[in-house]
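Next come two complexes built around subunit A: one with subunit B, the other with subunit C.
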Partner chain A sequence: MKVLSKAKLEAALNKLSDRNEVFVPMQKGQQSGYFTWKSFENGQDELMLDALNVYQSPKNAVLPQTEKMYSIKSQGVEVNIDQTYEDAHPTIIFGARGCDVKGIIAMDDVFLTRGYEDSFYKARRSGNTIIANACYEPGANCFCNAMEVNSLEPVGADVILRDAGDGYVWEVKSDKGEAVTALIADLLEEKEAKLPEVKPFIQKVDYSGVAEKLKSMFDHPLWDKLSQPCINCGMCTYVCPSCYCFDIQVKMWGEEGYRFRAWDSCMFEEYSREAGGGNPRGASKERFRQRFLHKLEFFKERYGTPLCTGCGRCIIVCPTDINIVRIIDAVKEAEINA
Partner chain B sequence: MPDQDHKCTCSEQPLVPTIVEVIDIIDRTPDVKSFFVRNVDGNGVPFQVAPGQCGMVSHLPIGEAMISCTWQEEQEYLEFAIKRVGLLTDELHQIEVGQKIGVRGPYGNGFPVDACKGRDMVFIAGGIGLAPLRSFIKYCFKNRADYGKITILYGSRSKADLCFKEELFELWPQETNTEVFVTIDNAQADWDGHVGFVPSYMEEVNPSSQGAIAVVCGPPIMIKFVLQSLEKMGYNDDQVITTLEMRMKCGIGKCGRCNIGSEFICLDGPVYYLKQLRDLPPEW
Partner chain C sequence: MKEITNKVQAIAAKLFEEGKIDVFLAWEKGELNFKTKSYVARNALDVKNIVFDEYSIYNVSNSLLKFRDSHERIGIAVKGCDSRGIVRLLEDLQIKRDRLYIVGIPCPGMKDPLAAARNHGGFSKKQEEDGLAKKCLDCIQPNPVIYDELVGPEQSPRQQGDRFARVKEIEQMSADERYKFWEDTFSTCIRCYACRQVCVACDCRTCIFDEMKPQWVGRENSSTDNMMYHLVKHSHMAGRCIECGECERVCPVNIPLMLLNRKLIKDVGTLFGGPEAGMQYVEGSKPPLSVYRENDPDSFL
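Showing the complex of A and B:
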C-alpha cells in the first residue's frame, strides 16, 4: 500500500500547495478550522490532523462564508453586469473527517441537482479535491454512524488517509485523487502498514424510523419543550458542515458595486420574513422546529439522506445546551396523538 | 412534489440576472404599478413565462424579489404588477420608463392550464392576488374554446385599491360565458357595487362546484376563509388551486428559506392543488 510518512507530511503539503489552495485543519490563534497551508505559521499555528473535529468545518472551501457573485455598474437608467465571479481555482481539503465529507456531498445534492446547477458552487467544486482522514476512534460527541456516514470509508472522498502511527496509508479513490497523488508521487512509499483498531462509538443514537415518525409530529407538543432554551443565536448553523442556506445581498459604492452571497441561518427572524411583514416562522419555536425537521426529515424526504452528519459540533457550541442527540431520543420516545 | 426530471431551460448562470429595459409603467392603484420590460435591444423578451410562473425582478443597486409575471404579451413584453411594500419595491416605484433593471427566470411550476381544459373556471382573488391569477384568466380568454364558464370574483379594501379596473369592468365582462363580481371591504360614497369580504360574497354568488376548478390567490387570511367556504360549497380538494408566497432569494431551490416541509415553493410551487397542500406541514 501507498504510505505518506509523517516525516514527509509538511513536504507533501508544500508540494500540493504549489498548484492548489490546500485547506488543512489547524489551530490558529483562538480559532480552529480549515485554513490554507500557506497561511500556516510555524511555531504559532498547530496542525490538527489528529483532532476529530476542529471548530469550523471545511464547507468554506466550497461555499465561502461570503462569496462575490457579479459586478454591478449603475449610472442613471443604465445598469451593467460586466463580470461574474465563478471561481474554479484548484483547492484541496486535506484531512476532512467522514462527517465533513458527507456535509459536502449533501451540498452537492442541493447545488448540483434538481433542475438547476448553481454556477458558483459548481465552479468551486469542480476545482476541489477531498482528501479524507478515516476515523478509528470516535469522539465523545460523534454519532456519524447513526446518520448514514461511514467514517472509515467516506463516500465522495477522492483520497482516504488512514493514520498508521508514523505514516498515513494513502488510498486513491477517484481520478481527482489520482491527479493529486501524482503531485506527491515521489514522497509516497510502497510498504505495509498496520492499521489501528476500530473503537466503538460512545454516543448511542438510533435514527431509524425518525424521519418517518416526524412526518406526523409537526404539531407535537414536544417542540414547545425542546425549543424553550433556544435563543436563536445561529451558532449551530454556523459550525454545521452541511448547513448551506445563503442570503444574497448587494454592496454599492456610488455607481459601482457587486452582489454577493453569504451564509444565512434559519434561526434568524429575518430569514423568512416577507416584505409585507408576514413571517411563516416568526416565533422562535417555529424556527427551531424548522431546523431540526430539515436536518432529520425534510432533507431525507427530498434527497434520500439526513442533513445531519453526526459531527457533534452543534452539541459542543450551543450556549443553551441543546443537543440534537437528545432531540432524536425525544422523537423516538414521543407518543403520537399526545 | 420534488421533480427530479425538471427540464432546465435556464441559463448556465441561473443566479445572474439578464438586463432588460422598462418600456412602460402604469399606475394600477395608489400602491401598485405595472412594469413592462423587454430586452435592451428592443427585440423580444428575456425568457418565456407560462401562466403562474414568476421572475426574480432586480433593481440592481438595491436588491431583488420574486414577482409573479402577470402577463407575457407574445415576444413584446413581460408585465410585472408590483405592490409597494418594502425597501426594494419602494425604489422600484421611483424608477421611470427607460430604466434598465435585471430579471431572471422563469421560476416555478405555473398553473395547470392543460389539466383545467374543459372545466368551468372560478377565479377568486383579493388585492394584489389578482396579479398572478390574471395570467391564467387572460390565457383562458386567449384560448376561450378550451374552457367552460368563467367566473371571476375579486375584492379589495377600497375602490381605489382595485387592480386592473379596465379589465374588470370593461373587457372581461364582455367575454362570452363570463361573469365578473367585484366587491370592496367597506362602503364608500362613489361605489354602488357590492360591499363585503370576498369569502361571504363568494358564498352569495355560489358558483357551482359541478365540474369546476377554483383558483384562489390573495392575503393569507382571505385564502383561509375562501378555502373554508369552497369546502362548504362542495368543492373537493382536487378542485381547488392556490398559489403560495414565501420569502425567496435564489428562486432555484438552493438558498433554503422558502420551504414548506420538503417542498421548495420557488421551484416545486408556487401553484398547488389544495389536495397537495393537505399533505404539507401547515406553514402555508
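Showing the complex of A and C:
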C-alpha cells in the first residue's frame, strides 16, 4: 500500500499548496477549525490531524461564510452586472472526518441536484478535492454510524488517509484523488503498514423510523419541552458541517456595489421574516423545531438521507445543552395520540 | 449544595402547593455530571428535577425573556449575577416585580459546563482547567441583590486586584495600535450571535442587527461588519451590562468580550458615577444613557 510517512507530512502539504489552497484542521490561536496550510504559523498554530476533529467544519472551503457573487454598476435607471465571481480555483480539504465529508456530499445534493445547479457552489466544488481521514476511535459524542456515515470508508472522499502510527496509509478513491496523488508521488512509499484496531462507538443512537414518525409530530407537545432551554443563538448551525442556509445581501456605495451571500441560520428570527413583516416561525419553539425537522425529517424525505451527519459538534458547543441525540431518543419514545 | 437544592425544591413545592406560582425557573441535571442546564418546573411534581450544583452557571434571568409577554406567576432561583439580570429586566419594564417570587442563592462560584464538555468531547489536545469558571473568579457580586427569600450563607466577592487592569493597559496603546488590537480580536468572530442571545441585558424586542430596512449592520464576515457588530452591541451595553460574563463564556471562538464590557463599565462609572448596572433596584429608576433630560450636556453636538 501507499504510505505517507508523518515525517514527510509537512513536505506533502507544502507541495500540495503549490497549486492548491489546502485546508487543514488546526488550532489557530483561540480558533479550532479548517484553515489554509499557507496561513500555518510554526510555533503558534497546531496541526490537528491527530485529534478527533475541530470545531469549525470544513464547509467553509466550498460554501464560504461570506462569498462575493457579483458586482454591480448602475447608470441612471440601468443596473449592470459588472463582474461575477464564480470561483473554481483548486482547493483541497485535507484530513476531513467522515461526518464532515458527508456534510459536503449532502450540500452537493442541495446545490447540484433536483433541477437547479448553483453556479457558485458548482464552481468551487469542481475545483475541490477531499482527502478524508478515517476514524478508528470515535469520540464521546460521535454518532455518525447511526446517520448513514461510514467513518472508515467515507463516501465521496477522493483519497482516504488511515493513521497507521508513523505514517498515513494513502488510498486513492477517484480521478481527482489520482491527480493530487500525482503531485506528491515522490513522497509516498510503497510498504506494508499496520492499521489500528477499530474501537466501538460510545453513543448508541437509533435513527431508524425517526423521519417517518416525525411526519405526524409537527404539533406534538414534545417540542415545547425540548425547546424550552434553547436561546436561538446560531452556534449549532454555524459549527454544523451540513447546515447550508444562506442569505443574499448587497453592499452599495453610491452607484457601485456587490452582492454576496452569507451564512444564515434558521435559529434567527430575521431568517424567516417575510417582506410584509409577518413571520411563520416567529416563536423560539418554531425555529427550534425547524432545525431538527430539517435535519431529521425533511432532508431525508427529499434526498433520502438525514442532514445530520452525527459529528457531535452541536452537542459540545450548545450553551443550553440541547443534544440532538436526546432529541432522536425523545422522538422514538414519544407517544402519538392521533 | 445538596442542602441548598433541597431548600430550593421545598420552597418551589410550597409555592406550587399554595397556588402562588405557575412556573419555577432554575436548573436541572443533564445526562452527564457536568451538564446542568436551565429548567422550567411547571408543577409540584417537576420540583424534584430542580438542582443547584457546582455547574449551575447559566444565567437563568435570561429565561425570563420567554415569559415577558405572558401572565404566569414565576418563581425563580438566582445567583448574584442572575439577580442583577432581574434588576435589568425590571428597570427595562420587561417583567413586573409582582409576577416574581425570587429565591436568592449566595453563590460559591461555579464551574463551566462548556469547558467540561470541550474536555469530554475530545476535539482538543489540551485539557482545560476544571476549576472555577473565569467569570466566577472575576465576580464582584456573588450575593443576590434582590430576593424574597435567601438560601444559604453569604459569600464574599472573589474578584482580586484591579479588575480594570487590562482595560488600562489597552487604554495606554496608541489609537492605531488599539484599532489593530480590536480588529484582530474581532476578526475571528463567526457572528453566531450567541453572545447576544445569552445576554439578559440584550432585551430589545427588535434587535438592530435583525433590522433589514434599512440594514444597519451587514452580515459579511469582514473586519468592517464584525467591528460594527461588536462596537454597536457593546455600546448598547454601556450602563446595562451586569458583568455576568455569559457572553464571553459561551463564545465558540473565545473572543474576550468582557474586556470591552469592562471598558464601558469603567467609562460609565467615571462619567456618571452611581451604582453599577443591576446592583440595586429602585422602582422607576433607569440606568445612565436610558433617560433624556432637557439639560443634558450635549457639547458634542
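One rule holds for everything that comes next: the second predicted complex is superposed on the first by the 337 of 338 C-alpha atoms of A that agree within 3 Å, B and C clash if a C-alpha of one lies under 4 Å from a C-alpha of the other, contacts with A are read in each partner's own complex, and residues count from 1 in each chain.
Here, a contact is a pair of C-beta atoms (placed from the backbone, for glycine too) under 8 Å apart; a residue touches a chain by one contact, two chains touch by 3 or more.
All figures in this text were calculated on a predicted structure; none of them were measured in a lab.
Following the overlay on subunit A, a side-by-side fit with no clash is recorded for the pair subunit B and subunit C.
Of the two partner chains placed around the shared chain by superposition, subunit C is the only one that A:52 touches, whereas subunit B remains out of contact. When the two structures are aligned on the shared chain, A:273 is found in touch with subunit B and with subunit C. Aligning the two complexes via chain A yields an angle of 90° at the C-alpha centre of subunit A, spanning the centres of subunit B and subunit C, rounded to a multiple of 10.
Look at A:239: by the touch rule set out above, it reaches subunit C but stays clear of subunit B. Touch criterion not met for A:104: it reaches neither subunit B nor subunit C.
Touch criterion met: A:120 reaches subunit B, while subunit C stays clear of it. By the touch criterion stated above, A:264 is placed in contact with subunit B and with subunit C alike. In the overlay built on the shared chain, the residue A:79 is in contact with subunit B alone; subunit C does not reach it. Legend: residue contacts after superposition of the two complexes on their common chain; A:247 is shown touching both subunit B and subunit C. Once you line the two complexes up on chain A, you'll see the smallest CA to CA distance from subunit B to subunit C is 5 Å. Taken together, the two complexes place residues 247, 249, 264, 273 of subunit A in contact with subunit B and also with subunit C.
By the touch criterion stated above, subunit A contacts subunit C in their complex at residues 27, 29-32, 46, 48, 50-56, 65-66, 139-141, 228-229, 231-235, 237-239, 247, 249, 251, 260, 262, 264-265, 268-270, 273, 284, 312, 315-317, 319-321, 323, 326. Remark: subunit B residues 2-4, 6-8, 10, 12-17, 19, 60-65, 85-89, 96, 98-102, 220, 245-247, 249-250, 252-262, 267, 281-284 touch subunit A in the complex. Taken together, the subunit A residues at the contact with subunit B in this complex read 69-70, 72, 74, 77-81, 84, 86, 110-111, 113-120, 218-219, 244-250, 252, 257, 259, 261, 264, 266, 271-276, 278, 280-281, 286, 290, 293-294, 297-299, 301-302. Within the complex, the subunit C residues that touch subunit A are 30-31, 35-40, 58, 62-63, 66, 113-114, 117-118, 120-125, 188, 190-194, 196-198, 210, 212, 215, 218-222, 246, 249-250, 252-255.
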